[in-house]
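Going in written order, the chains are labelled A, B, C, D and E, and every chain counts its residues from 1.
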Amino acid sequence: MFGQLIVSGLAVGACYALLALAMVIIYKTSEVLNFAQGEMAMISTFIAFTLLDTYQVPFPYALAITFLFAIVLAIFFEMVFLRQAKDPTVLGLIIITLGFEMVLMGFVGWKWGPDQRALPFPVSNIEAYTFYGLIISKINFWTLIVSLVLMLILFLFFRYTKLGIAMRATQQNQLAARVMGIRTKWIFSFTWAISSMVGAVAGMLIAAMGVLDPPMMMDPLLKGFASGVLGGMTSLPGAAVGGALLGVIENLFGGYVSLSFKSVVAFAIIVLMLCIKPSGLLAKHYVKKV
Amino acid sequence: MASILKIENLTIAFGGIKAVNNVSFEVEKGAIYSIIGPNGAGKTTIFNCISGIYPPNSGKIFFKGEEITHLKPYRVAKKRIARTFQNIELFSHMSTMDNLMLGRHIHMKTGVWRGATFIYKNSKAAKEEIEHRGKVEEVIDFLDLQAARNQFVINLPYGTRKLVELGRALALEPELILLDEPSAGMNLEEKGDMIFSIQDIRDDLGITVLLVEHDMNLIMDVSDRILALNFGEKIAEGLPEEIQRHPEVLKAYLGEEEK
Amino acid sequence: QAVRGVTDTEILIGQWGPQTGPAAPWGAVARGTDLLVKMINDQGGIHGRKFKYFLRDDSYMPAKTKAIAKEFVEQIGVFAVVGGVGVATGMTARDYLMENKVPWGGPVTGVYEWIHPIQKYLFAVYPLYDDEAFNMTGYLHEKLGFKKIAMFYQNDDYGKQGVMGVERYLLKHKIKLVEKVSAEVTDRDLSTHALKLKNSGAEAVIMWTNPTGAALILGESAKIGFKPQWATSSTLSDSALMMQITRGLWGGMITSFFGELPDSNHPLMVKYREAHKKFAPQERWGVFYYAGIIFAEPFFEGVRRAGRNLTTESWVKAMETIKDFQGIGPPITYAGIKDRQGGKHVFYGKVRPDGSIERITDWIRITK
Amino acid sequence: MDIKRNYYEDIELFKSNTILVWSILFLIFLAILPWFIMKYHLLGLSIYIVNLIAVHAIVAIGLNILVGFTGQISMGHAGFFALGAFTAVILVLRWSFPLWIALPVAGFVSSAFGFILGLPALRLKGPYLAIATLGFGMTITTIIKRMEFFGGRMGLQAPKLELFGTPMKDIHYYYVIMVIAVLMTIGAVKLIKTRVGRAFIAIRDSDIAAEAMGVNLTYYKTLAFAVSAFYAGVAGGLYAFILGFINPESFHLIMSITFLAMVVVGGLGSVMGPICGATLMTYLDIKLQAIQDISLIGPALVTLSQKYMSIAGISNIAVIVYGLIMILIVLFEPLGIFGFWIRTKRYWKTWPF
Amino acid sequence: MAIRGVSLEVQERQIVSILGSNGAGKTTILKTIMGLLEDQPDKGTIEFIGKRIDGKDAEDIVHLGISYVPEGREVFPELSVEENLKMGAYTRKDRKGVKEDHERVITHFPILFQRKDQWAGTLSGGEQQMLAIGRALMARPKLLMLDEPSLGLSPILVKEIFGIVKTINGEGTTILLVEQNAKMALKISDYAFVLESGRIVAANVPNVLLEDEDVKEFYLGIRSEESAKGYQRWKRKKRWR
């Protein structure tokens, strides 16, 4: 059982990690906690659903159109709402994302109704691979692969292009960043677009593993957020590590101690970790110097 | 006169770099004592150690004969040591008045219950508040801050903000005040005023001053004694005239030619 | 003297139900009732009075439900509340409605709260979950011969009453429940839960959860090759939906039912389906949509029996005369002033691989 | 500066007679409001809704002490709210405490937990603090759910209270709640103006400087949590009784977020702001579905839904509008509704010019 | 209104200083040129090498070749010193040139090399100032604008800074300098403007300005020796209120 718990822990962890990644990308540039992340992913998934189910669009095309939609949606939100805020406080920005979350949630409910659906997906969520007696469903396996690859690409991209540093610079001091010639507005749009795409991937995978309905991202998003914090909100590898850790810890706790406190324990552990390392596992703690 | 502050073999390192290395000095009560040294010599770090923001790796700090080495900053403040900061650290969304009132924090007692429930002018909380406002008003007069009294400090000019910060430190009624580059960013006129203010603080209020500055005119005008640091180490200590001529100080800090 | 919400031509009635938020799928019930109202009005109403129906969205938040109840009584002035989804939500309104003598027919949950203690103006319809679970365990154990039974339930009042019933039966017959696994309503990862169930070696698993939970646990179980006989409550009797969201795993499920099957030839069902085409063609003809009819039928029957002289008291009297009344739901009987639990029957069906349902029993009485 | 200042002016509640007069008028308004509501159902209000608004306002004022003044975020206030609710109900139900004792006790129980939560929160900032508080809120409700003592997941029925032998109705609760709300508002205003409040704000603006001026960070940060939780606890106690039935499920994350939204939308860092925010958000939350009943818009929305959207989801329009209002207020008035109010006031003051 | 009716021209390859007391509007001028103010100038135009740049975004202006050392350092506190410098060269594509400039910065400010992996936020005040200047140099701008570069630097470094400015200028960079330290600034400038309450009150080559009694007294602190300190303090206060 131990091995199986770890394997399925890693599999969920991968989803958490993707969402954490999406949140971290945005937080890295603008210090905004994007609570609309889940709903953005959810609406993208519904678009994919409509394409696949109603219009019978072949999967690769549907995927491409969905990504396009995710990008447009994110850029729209960033430009039309966030950017227009005058003298925004961090909290104000959070509330804007919360408002946007409601708008999206309402829109999806209005358009598609509240019923649960199944997202047609090329990879089965029931068939499984077996390695040395450990069972991992095809979709979980591919989720792991996809998130690892995505993580690696993003990590390398941000590490080895100037852009990665520029993103952090933008978060820390927008004025100075602009004075360096960093096109902060462009960076914002860009990161929102990337993040929304990563979110859409997560959304589709989560829907394919379970059920597609408007509230489907509420729990995963929280866990994703928790993973991001656990790993350190400014660290991409942190998001991956945080997600995997959270998934595994949760599963082990659920398996051996108590299922009913499973989801709470995740938070308890995070709080304990934060007491020791206040900025997450992989981010350096900064104390302002006077 | 007895020494009010005594530092013994203070050492602190950040990841291998010794920011302050085995520095000892004593400040006499009622003196204006200056610390000079090139950028990154460890002056601010010494201040941070005294006020408890950084715990030193080794060495001891005594205030009025009592050891304060590992006290938390607020406990140090309670011993009546106040300070200003190199990059102004004011409460920017409070008025000047409230900034200074915060300086009175340690002298006041009102807690949550009393604060939330006082009703009339003679309630304890109100009385205390009024009394301390009176004190603050004295500080405001002392520094000529009347014009800024009710403004949010975020809207004040740089020079005035520096004064407010000084005022906040004075409001604490300290016995020792640590001033970190009080005249940086000021124009000549304001620098001149600052010289008088520092002297007044010592002469009128009887507060011992520990000063870090890069403006040599100011240093020479006000200091009783000067400590010169370089790379965290003491290179010289003495009267202003001695320091001014000290070869190492000249080399590391003042620049050799000129004058 | 005037009766609140009743005029010469009109009777005002109201219902709350989540139309938004996570519980919104259940909100279909409230819209189903609307269909019945439209149909009745279309036929000229009852005793010359047509119904005016107020549907309010409470998003499954108790504070809102109470506000709606107050609006119904103080501002709109309804004659009665019909249906109403949710326990926690309904409980904030129950006492208030009763104090104000507002008739309440057919709350949309099968819990004890509605009949314990007996409320004079509250007539429950939904068969009790507890009894349902008790009986279902018996069915699995006695009729189908399963010895090792496990339970998977949702961590809320609904799931808990299911557990109560199952455990009550097992205790009575001195059998041990091999495993009892619960999930939060919001949980989207049930892999550990499935693993625990599998490790228990259960032959049959009774499931008391919402559609999402059911789909997830079936998926996870299939993944790890755990294939017991599943059985579940009437809340999951919408097999068309379940078939779709479980991607076919629903086949073989044993379900209890509180109403006719969606494609039943029952004459009333035929009539309702026609009305559905006429008045609300956009709605999906799902079990919970027409459940809105099931839970409201007895109320209207009461109004019919009360006659033209409709008052709160006359309605209560009329309701108490209902014996073996059957619409498309279970037979309804209110045996006097001590009995406010109308529905006491369910029937069982087994889901065929194509999603259609094989009715394996007739209506079975589950409440003694 | 020869004018002798009367320093009391600065901390006086009513700085001028105009404010005093307005305050008295406002109190009178509050006193007779129920009569208007019962008679005319102003804006579709019922006394119950006003009670709910007042309870939310108390939470929001308390939350603002933490968020707006001390600069620490909390996404777990529903937890404190729940603690207060359950404590109050249990005290009255199991040990027959009178309400006027049960409420403060509920407040103190919450505030004790606030203090505990404040400790790990000391070094945390931003998202880290958000997740810690969020986790706290979820943990509290999960624990309550698990304990039969608290009624388990079925929840608890609040006992019916009596006032001079007659059962208490909404209108009685109204006056009880209003008195408490007004007192707690005044308390918050005064607290902010005196030593403790100053220390809170100082921590928000520069914790290092605050500490160097003698403010004990540990103490004041946890104190802010405790005070804030106290407000939530008292409000929770009231909430339980106006609702009549409490269930741990209903104190969820969305509730915490709504509280936060009330504070931000109303205006951070003022005492009136959160009150405005609580009023608006609560009212909208309950009444927004009425847009479907408005004469012209309603049918248009139905047609729209039939044509392009789904009729089953039509109620979601209210959610969309709610979200949009939230966004727009924060977007165009960073100081919240209260900022808007200040601007209009200033505009009128200088009006002809 | 922080500045009004200001016209100033900076010739190529010159060092031009703007002097003036606190709050005179010096920073505002630089920020306006950089396009950093939310409200673009109500009236007037800004041109750079013949191109209108008013109304443009700061980012675009930087790309045109203007570099700016903002008042108050504004380093990226949680980036290392090295990364801060890298950001300075953000707009540049020529790796070799960047490397050269990096070396040059390090020879000017060796301490930055010693601290290269330290977070900029934990540098001492003066080190941060050096970093801010170094960072701006990394862009190898056509026009370098410095806002009080000597703030918080030790006397020896102040001299050095002015030396560096002179050197850079010699290498072909035009310099617009805002300074409190008027004496030093005038020493290296080719031209200077004196600003008072948002207006230009004097503009000339340093030699001429140095003759001006008012300028001498108020900006250079050269005062008649006989006046007692205290008396003068009061007099000055009165006159400037």
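Assume a contact is a pair of C-beta atoms (placed from the backbone, for glycine too) under 8 Å apart; a residue touches a chain by one contact, two chains touch by 3 or more.
Model, not experiment: these values are computed from the prediction.
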(message) If each hop has to land on a touching chain, what is the smallest number of hops from chain B to chain D?
(response) 1
(request) Give the chains in contact with both chain B and chain C, ordered by label. (result) A, D
(message) Under the document's definition of touching, what chains do chain A and chain B have as common neighbours?
(response) D, E
(request) Could you pull out the chain whose C-alpha mean position is farthest off from that of chain B? (result) C
(request) Sort the other chains by how far their Cα centres are from that of chain D and give me the top one. (result) E
(message) For chain A versus chain C, what separation do you get between their C-alpha means, in angstrom?
(response) 37
(request) Would you mind pulling out the distance in Å between where the CA atoms of chain A average out and where those of chain E do? (result) 44
(request) Between chain A and chain D, tell me the centre distance in angstrom, where each centre is the average of that chain's C-alpha atoms. (result) 31
(message) For chain E, give me the residues that contact two or more of the other chains.
(response) 122-123
(message) Counting only residues that touch at least two other chains, what does the list for chain D look like?
(response) 208-209, 310, 312-316, 318-319
(request) For chain A, write out the residues touching at least two other chains, lowest number first. (result) 106, 109, 113-115, 260, 263, 288, 290
(message) By the document's touch rule, what are all the touching chain pairs in this structure?
(response) A-B, A-C, A-D, A-E, B-D, B-E, C-D
(message) List the residues on chain A that touch chain D in their complex, please.
(response) 27, 31, 33, 35, 81, 84-92, 94-96, 98-103, 105-115, 222, 225-226, 228-229, 233, 260-261, 263-264, 266-268, 270-272, 274-275, 278-280, 288, 290
(message) Using the touch definition from the top, list the residues of chain B that touch chain A in their complex.
(response) 44, 48, 53, 85-87, 89
(request) Would you mind writing out the residues of chain D in touch with chain C in their complex? (result) 38, 41, 44, 46, 48-49, 52, 145, 152-155, 157, 160, 170, 239, 242-247, 249-250, 285-286, 289, 306, 310-316, 318-319
(request) Going by the contact rule at the top, pick out the chain E residues touching chain B in the complex. (result) 21-23, 72, 111, 114-115, 118, 122-127, 129-130, 148, 151-159, 180, 182, 218-221, 229-230, 233, 236, 240
(request) In the complex, go through chain C and note every residue touching chain A. (result) 19-22, 24-25, 27-28, 155, 181-184, 186-189, 191-193, 195-196, 199, 211-212, 215-216, 219, 222-225, 241, 244-247, 249, 284, 286
